Structures are given as structure tokens and as C-alpha cells.
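Some structures to go through are shown next.
Here come two complexes built around chain A, the first alongside chain B, the second alongside chain C.
For the complex of A and B:
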């Protein structure tokens, strides 16, 4: 009797762990990956991944985890369940940020020092092309309809629209100073770009490639020079967008219809990158200098917990 | 003497206090204005004052306004406790105390009723304050607003008992300014109401020790934890102990044959 109930309990715990959501965070200074249970709000473990890990992404089937280990000059592929290293991708020098196409078979890497975007075929692990872009490319993203690859040049202050079929720049949009990150709306109709120095968020129309709206941020009690927007993310219904405001230690909630800043939420220090939970009910932030991530409940729009993860958390992604 | 008598006497005392509170609209407003000025003016200037560490019961970064809210709840109850002690002195001067004291019920019961009355009034003030704070975006989990009630009863009783004890030492209403300077201010400022212990330790270990043993600190911590649905056992026992001590001393102090009044030559 006892043993059967114990078996059930074990089985139940196995099922529940199999379904538990995990949040993966790259730790730039610890050369490791932190694995967090966002429901319990607990750090589960950290595993070593390579030198100076920054950019992170999951394959569309959630089986593979890609991590840009900048000082190893490569992007490593890990098994997303066992964290075993499966291989390396030829990313070029000092990879920081990268993006996958929706099918998950191509990867685009920003090579900041060489002003290049490297196109990699994931299956064959071969470089397909290197595209010359503006000085210091940083933010990179692919539109959900797979039409456009966006590369953002920090020093040239430009958004490059690259045709994903031809791998050539088709158009450019001049933006505010030091653009950092870019993100498409789920319908691919808008591109949201943050400018770190200008302290603005630009909303660009994908058709005309013109700026529709410039959003300014104002945080009571925080001087404007501290407002340095970086990570940007928009929910799938295009109701709300979220922008990490860097050293202002806040995440701004933006109404994606009126472009008004509805709220600013206090998180840890120098908030950098953002990720949704798979069901988009929560938002996770990496707080670079306070060494933790903040968990935000999106329904109540409140920060529920901040969990210490390790030194310099950089990138974040959630796996169902 | 049966239970009915006790009941009637207690309701008489509580009813009188509540009636007094309702009819004195200025008192109600002034009791609210004090913590609200602290919240809207003082705290607003220190929004980022708390810096880094996350301390329980908080699980994430908070603004200073959020931190001092439990301290301001304590402040409401502290002032209320002192106010009822002031009214005791007034009652004594006006002679209504004598009427109360000749009531054929035990003195401890009358004093406890008086305390409960004062506590009830302070709890109404606290909830109104919390409602205003809610709209100022200081929002605790909903169950916290229920959990805080027993904490408020105990802290109200403790601070009321302290006031009661003090009122045995004060002969005349004019001496109340002394209470302000020597009791309220040190209790409030040397506590965790305005700054957490770790912050005080950075500047002065002695100050942090004083704050740690200050019963007002412990009662504020009890309220702080309760507001976030948690139970701080140490703070609860400390507050309970302080209440028992102050209450026993106050009962002794109000003893006509041995109490403080006899030593001071009795009421005028």
C-alpha cells in the first residue's frame, strides 16, 4: 500500500517536473547558465557553458539551446534538457546577439567589431554569407513572417532592412542615437527599436519603413540620463509592449495601441533584457548589476519576486 | 455582578470613545493628515533611498513609500495611544475619571475596555490610511489586509497600554509636550519605521541595537510581515511581552492607594 502510493507520488513529481517551466539566464561574469523555476521563484542550478556567455535563444521545438559565448568566439549548441554541449556554430569574432528565423534552420549573428552580419545554416554548421552593415551592429531580429532580417547599427544609428531570401540590404531607416534592440510585433507590421542614448522607443511601420511614433520615457525621481532603453518586447495580441530602461532600474509598460507609457515597474539594477513566459502571463528581466532576475506578473502588472542568479545576468529565455 | 454588567460597561466605554471620534471630525482628519504628509512629502523625496538589499517580507525591490507604510501605520497607532492617554489626563482633570473609577467593576477591566476603545479607533484610522495608500499605488496582497487586523489589535493594545502607563505619570494636560519630546519622537525615530536595521547598522551599531530592542520597532515589524501575509513570531512575542508589562504597570499605577497619583499628591 505504502509503496504504491509512493510510486504514484514519484510519478506525479516526475510529471510535474516534466511540465515545469524553466527560465535560462546567461551569466556574463560567471561563464555559466542559471536555471530558474519561475513558479517557485527559485534558482535551481547553474551550469558552466563557456567564456562570457551573452545572447541566448531556444530552437522553435525547444530542444536546443543556443548561447553566444563571446570570448570563445563561437555560438554553442546545448541540449535544452540535459545541458550537454552538442556542437559549435561558426559565428565569427565576439558574438553578442543573434537571431533565429521562424523555422529555426538559419541563424543571424551580429559581429560588432567587423560591422558584419553572419548568416549560418544551422544543420550544416556552415556560414552562408556575411553581410556588410553599419558600424557596430547590435540588435538583430527576424520578422515572424520571415520576410525581413533587421540589423541595428549602434554607431551609424541605422536600422537595416535585409531581405531574408536575397540576404541583401533593401532599405535603411535612420533612428535616434545609439539604437540597441529591435523587436517585431507578432503580425510583422511594426518594428519597435530602442535608442539607448536618446532614451527613446521608435515605432516603425514595416511597409513604409517610416517612424510612426517616438515614445519618450519619464520616471519620477530619475534623471533623464539614467533612462537608457535596451530590451524591448511586445505581446502576441499587440496590446502591450515592454521596454527595459537600463540604469533607471525600471521596466516601462507601453500601450501598444496608443503608444502611451502606462506604468513603470521597479526591478533590479541596470535592467537589460526581457523574455515572456511561454503563455505570456509573466515577464522576466535580467538585472545586470544587482545580479538577479525579476519576475513580473503581467495580469496584475506587478513585480512579484527578484531571484538572485549569479554575476552579471545578461540574456534570458523561457522554456515550457 | 454578572457578565451583562461587564458587557454593558465595556460597550459604554467603547461607544463613548467611538462617538467622540466620530463627532470630532478635526481629530479624524488630523490623525490621517500626519501619516499622509509623511507618505506624500517625506517619502517622495527618498524614493530610491533603500538601495539594494531585498529583506523579508519583501521579495523584490520596493520604493521607500512601500517600506515606510507599515511604519506610518505604527505611527497612527502610536499617536492614537498617546492621544488616549492625553484624554485620560483630561478625564481626570474634568472629573469624569472619578465616575468611571467608582463603577463597581475591577479596575483592570475598565482600563482594558478603555484600551480596546482606543485600539478600535486607531484601526479605523489605519484602514482609511491603507485605502488612500492603495490609490497611491502602495498595494499589498489582498489577504494581507485581513492578516493585518489581529496584528493591529495587539499593536494598538501595546501602544495604548504604554500611553496608559504614561498617563499615570502626568499630572496635568500641559505636561503632554514632554511626552512628545521624550516618548513619541525617540520611539518613532529610533525604530525600523523609517529605516531598516541593516541601514542603521551601516552608520551606528549602537543605534541599530537601540532600534532592535525598541518595542515600537517590533510592533512595526509585526505589522509589516502581517501586511504581506506572513507571521513574524519574534516580533509577535516581543509585542505581547511589552503589552503585558505596560498593562500590569498601568494597572498598578492606577491603584488609588498605591498608585502614582498618591505619590504625586492626588488629582487636583
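For the complex of A and C:
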């Protein structure tokens, strides 16, 4: 017979487990997924997931975890609680980045070697279409209103606007050299695109598809060619945007109304991808060559901790 | 099922752009005419939007590029491991044209490459004057320094922009420089500086310099000596490999004797550009010392071991197209064609003065898959680029090495920086 206090303790621990936020990080060279408790700031465990895991996403209901295991040429589906492999999606060769539509029933994958975007129906695990895009498609995202699928091609320097109903390219915006990542504002009005070689962030109007603003970065003590923007995200109220500056080892904080760079935060080496906590109070960064992630408190705009996770942390998502 | 066959089954009637012959682009252009609308006003903007859904079509702007090279006689080979490659460079240029045309499909520009391969007994200047100079504005030229000098000095050449993808010659970038010649390969000085930076980091400060008998070997050795001075390294002895050994003497015994010196050294630096003896040195020296230079650890703009910064993708694309690894001339020819493409796309022009201005402007950046944006040095036309330090099966380091600083860009710690340059454009 269990004592009442023990029951309470058990119940409490169950509640806290259920509500504990987890940060998932793909480790490109360890063939594994790191699971981090961002509140405690510590690595909980790593689980093997497949060869060369890179892109990562959660289903909208947070039940499924999708991981592109590039050298297995597939995107694997895992149970987001038990990390048991549930299936594989026909992603095409060498999948790196992919995006889900807001409903979570379609997946769009960049096939870098073949200059294609593969559209997958998640439920049936079938390829619906392959869309020819520019050379080396990389960044991929779907607008929150589900109108546009964006594919960014690195070598063609293009943002392709793909109609999600027709799965055809409707417009193209020429952007700065080697565009990497793209992210919509929550209202789908703007698309933010980073250009790695030009060292710029471009803010594009979704209506006109024209560039509204080119943001340049300046970090004291760092030569311009080290400033190579990659990951970009904007908060849901469109107050601030955040850009990972690659080998400049900084995350830039951008005022999403005036487009001024307000601050640069020192993080780990070759900062790559970014993710918000579910409540958007924290920001997580993967630091490719220092093998850690940085935890940033967004209220105070300070880096609070770095957590060693494993070799070549690549993608990051947070699960409530 | 491989991904490629996968693609083919799904898009039966669409040839992947990579595999499509260049001439097919015209057909493709006509076919897509009804989808293209390009408001003329947009042309002048750098921030262009291309609507594929309109009703009107604009005529394609064409950019014609010539590629000039001469057939080579196969040199004496040390080993059968590396087959003689007849044409290093051409396939790189073709890959560049394909990439340019993919962008061009969206922006209404058509890039054409015409190849001129002069036979061994032919005269490159004749071909240039008769077939190239009055028809082309952009010339990718893969010739030796001895051939490029007289060609670049022809009056007709001044009306073109030449992209040198065949030489590493320092005099062509200094005393003999020309305003209408850009150099894509790193100079010997850049390569030597890259090696020196790495040796400095390793604190291998005492060098034994071994030089072959060809004139190019002396030039390479000069660059090594310049780098040693620049980075305060000591060349403890300098020896020439005379190729005098006969049947009674073998590499095994010869190198051991040859590599003995009065003073100790940390590293053996070899200058043997044609690869006539350098491969014999490693593992055969009197004292165990690494070999660097033209063999052993080499300094090169491109190498098959390189796979960072998206290099895997272009390695795959090249390998698929050529059936061999990309050589440095291929890489340079690719970059030359891409530089023309980048300038033409950004300026929406095919006019030489506009493209040339853009190429020399601060806005110009080129992705070379080496982690740093590439650009041209305004003082000598040399492409700024990182240098890979590669062993036969492993990429050892990428120069500029961390810690070698420069007020503008660390890439300018390699080779002749502006204050050191002997190039005077207005000669």
C-alpha cells in the first residue's frame, strides 16, 4: 500500500515530466539525436537515429519527430516521446532540409543534388510530385497561411515561390549570393531570407515579392567575410528577428519593425540553426564546430548557458 | 532505385537541367515563352521578381563566352595511378554554363560557350585573332604563362576580358599585369604563403628546399623563398634534384643520401611542378621528415578530399558529368564562367564595361564552396580565395590559417597584398 505523500510525489513527477520542455538536436557526425532539458541546462541523453542526421521537425501535435538521415537517403519518423522509429518517408537522395505544411499532412524536401523539391503525403508515405527548382535547393519553408511553399536555391541565387495548391513555381525573386535559409513572419506578410556569401538578410514582401530591405551586419573585430548568415527566425508578434551569423559566432537581434540590428550575442562556433522555446521566451542555437548549443534568454537578451551535446550539432526543435 | 531514376520515372518528359545539352535551352525558352513576363522597368533593378504566370515574353539576352586552350602532349608519367587528363578545364566551364543558364531561365538570359581547342602544332594567337577577338567579349583562356603573355599583349585582346584559368605565374600578376586579364588560379606566392602559414602554426621553422631543373620549379622555389622570408622561416639548405641517377642507383638509396644536410630541418619543401621526382621523396629521407610543396602536402584551390561548405554537391555534379574528379583548372574555369554569370545576372546586362565594373566592385561576391565569399583584387586582377592544404587522401587545413590577421580580409594574407604588388595598370 502506497502512502499518500508518495502518491503525491509520483503524481507531481508525472506532471513535471509531462510539462518538461525538451530540446532535440540532430548530431550530424554522431548519427544521433541529443535530448536536452533547457530549464536545467543539461543533456539528458542521446539516442541513435541513423546516418548523418540533419533536418529536424515536430508534427503540429508534437507526437511525431521527423529527422532527415541524409546518408540513409530517407526522412525517418520517430515517436517524439519514446524515440521509437515508426517509419520512413520517400525523401529522395541526400535529404537535408525539409518543411511541413501547417496542417502537418504534407512534407516538402529539398533534394540538393537533383535540384528538386519533393512533395510527400505523410499519411500514405507517397511522393505526390517533384518540382524542378534552381541548382542546389537548400532553405525551404511554408507560409503560416499555407499559401506559399518557398524553396531557396543556393547556386541559382533564387527564391522560388511555389503555389501549395498547384505545386508549381509562380514567381521567383533574385536574391544575394548563396541564399541559405528562409522564414516567414507569423502573419505570412514577409519572408526573411539569409544570404551566406553576401553576408546579408533580405526582407521580402510576400505580396509584391520585392525586396523591402537589405540588412547588413557589422561585428566589431570580425572581418566582413566571416559574417555568413544562415538560420533565421522571427517571433510571433513580429517584434524581433534572430539571425545566426555562422563563423562570426554570433546571433544578431533585429528589430522587426525598423530592421535595425540591435545587438549581437556571442554564442558557440559556426552557429547554424535556431529554434524558439514553445513560449518564445528562449532561443536555442546549434553551434556546428564547438559541439554545443547555446541557450538564450530573450527577455534579458543574454546567453545564459551553453550545453555540450555531441559532434556537429545541426538542427534543433523544442517540444513542450 | 537511385534518386536519378526515381526522378526520371516521375518527370518522364522533363530532362534534368544538368543533363540537358545547351542548345536545348532555346527550345525550352520558346516553350516557356507564354509563361514569361518581364516588365522592362524591372530590368534595371537588382532586386528582380520574375513572374512566370504572365502572358508576354521578353527576348532572351545572350552572353557569349569563348574558351581557348591548346592540346597537350602527355608528359612522362611517374605512375599509372593518375591517368593523363587531356583537357583540364573545359568540363568545369561547361558546368558553369549550366549553372548560369539555370539562373538565366528565371531571369531571361542565355549563356553560350564556344570552345576553341588548338591542335598541338597550331598557333593560339592565330585562332584568337581569326576566330575569337571580333566575335566575343569574354574569353576563358587555359594556356601556359609563356603563351598567355604574348596573347594578352595583342592589341585586339584589350577589347576583351580574359579569364586566365591556366597559370599561377606571379609575373603575370605583377610586372606583366594587364587590366583586361583576371587570374582565377591562385598564384605561386599565394600557395607558398598558405604552406608557410601552416608550417608556422606547426612551428616547423627549418626547411630544406629541393628544386627540380625546370624553369617552373625555380619560380615555385622563388615563391617558397619569398614566403619563408615573409613568415620568418629558415631555409637551412637549398638543393637541386639533377635527375642524374643511373641504373646503379635507386630512389631508395639516392634520396637518403641526397636528403642529408649539415643542419637539421623540420620539413622538406619540394618544388617539382611536373611531378618528375617529388613523389620519391616521402618515406625515403635520411631523417624522418614530412614532405610539402608540389608533392606530399600540397597547396591548391581545389582537391578531391574537400567536402565542406557545400563542396560535396559540386564534387558530385562534376563527377557525374566528367567521370573524373575536378582538377584545379576545372574549378577555375567553373568560377570564371560563374563570375561572368553573376555579373550578368546582377547588372542584367551583357555589355563588357558594365560587367567589368561590377566584377571589380565591392558588391561582387562569388561562392567557391570554400566557406568564404570570393572576389577579385582590384590591384592585380587575382581572385581572392582560400587555399586548401591537402594530403593525397585527407584535407589537412584551409589557409588563411586562424590567427593570421588582416585589416580588410584575411584572404589578403595570401600572396601579393596591395602595398606589395608590382602591378601598375596604367603602364
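Criterion: the second predicted complex is superposed on the first by the 318 of 320 C-alpha atoms of A that agree within 3 Å, B and C clash if a C-alpha of one lies under 4 Å from a C-alpha of the other, contacts with A are read in each partner's own complex, and residues count from 1 in each chain.
Definition applied: a contact is a pair of C-beta atoms (placed from the backbone, for glycine too) under 8 Å apart; a residue touches a chain by one contact, two chains touch by 3 or more.
What you see is a predicted model, and the numbers here were worked out from it, not measured in a lab.
Trainee: Kindly classify A:208 by the partners it touches after superposition: chain B alone (first), chain C alone (second), both, or neither?
Mentor: second
Trainee: When the two structures are overlaid on chain A, which partner does A:178 contact: first (chain B), second (chain C), both, or neither?
Mentor: The second partner, chain C, only.
Trainee: Have a look at where A:266 lands relative to chain B and chain C in the superposition and call it first, second, both or neither.
Mentor: first
Trainee: Regarding the shared-chain residue A:249, is it in contact with chain B (first), chain C (second), both, or neither?
Mentor: first
Trainee: I'd like to know which partner A:305 touches here: chain B for first, chain C for second, both or neither.
Mentor: first
Trainee: Between chain B and chain C, whom does A:155 touch in the aligned arrangement: first, second, both, or neither?
Mentor: In the superposition, A:155 touches chain C alone.
Trainee: On the A-aligned overlay, A:221 touches which partner chain: chain B = first, chain C = second, or both, or neither?
Mentor: In the superposed model, A:221 contacts chain B only, not chain C.
Trainee: Comparing chain B against chain C, which has contacts with more of the residues in chain A?
Mentor: C
Trainee: Taking the touch rule as given, give the residues of chain B at its contact with chain A in the complex, in rising order.
Mentor: Those in contact with chain A are residues 44, 47-48, 52, 54, 59-63, 139.
Trainee: Taking the complex as given, what residues does chain A use to touch chain C?
Mentor: Its residues touching chain C are 73, 92-94, 111-116, 127, 129-130, 132, 134-136, 153-158, 169-174, 176-178, 196-199, 208-211, 223-225, 228, 247.
Trainee: Mind listing the chain C positions that touch chain A in their complex?
Mentor: 2-4, 6-7, 10-11, 14, 16-18, 46-53, 98-99, 102-103, 106-107, 310, 313, 316-317, 342, 345, 365-367, 371-373, 406, 408-411
Trainee: What part of chain A is in contact with chain B in the complex they form?
Mentor: Residue list for chain A touching chain B: 41, 220-222, 249, 266-269, 290, 294-295, 302-306.
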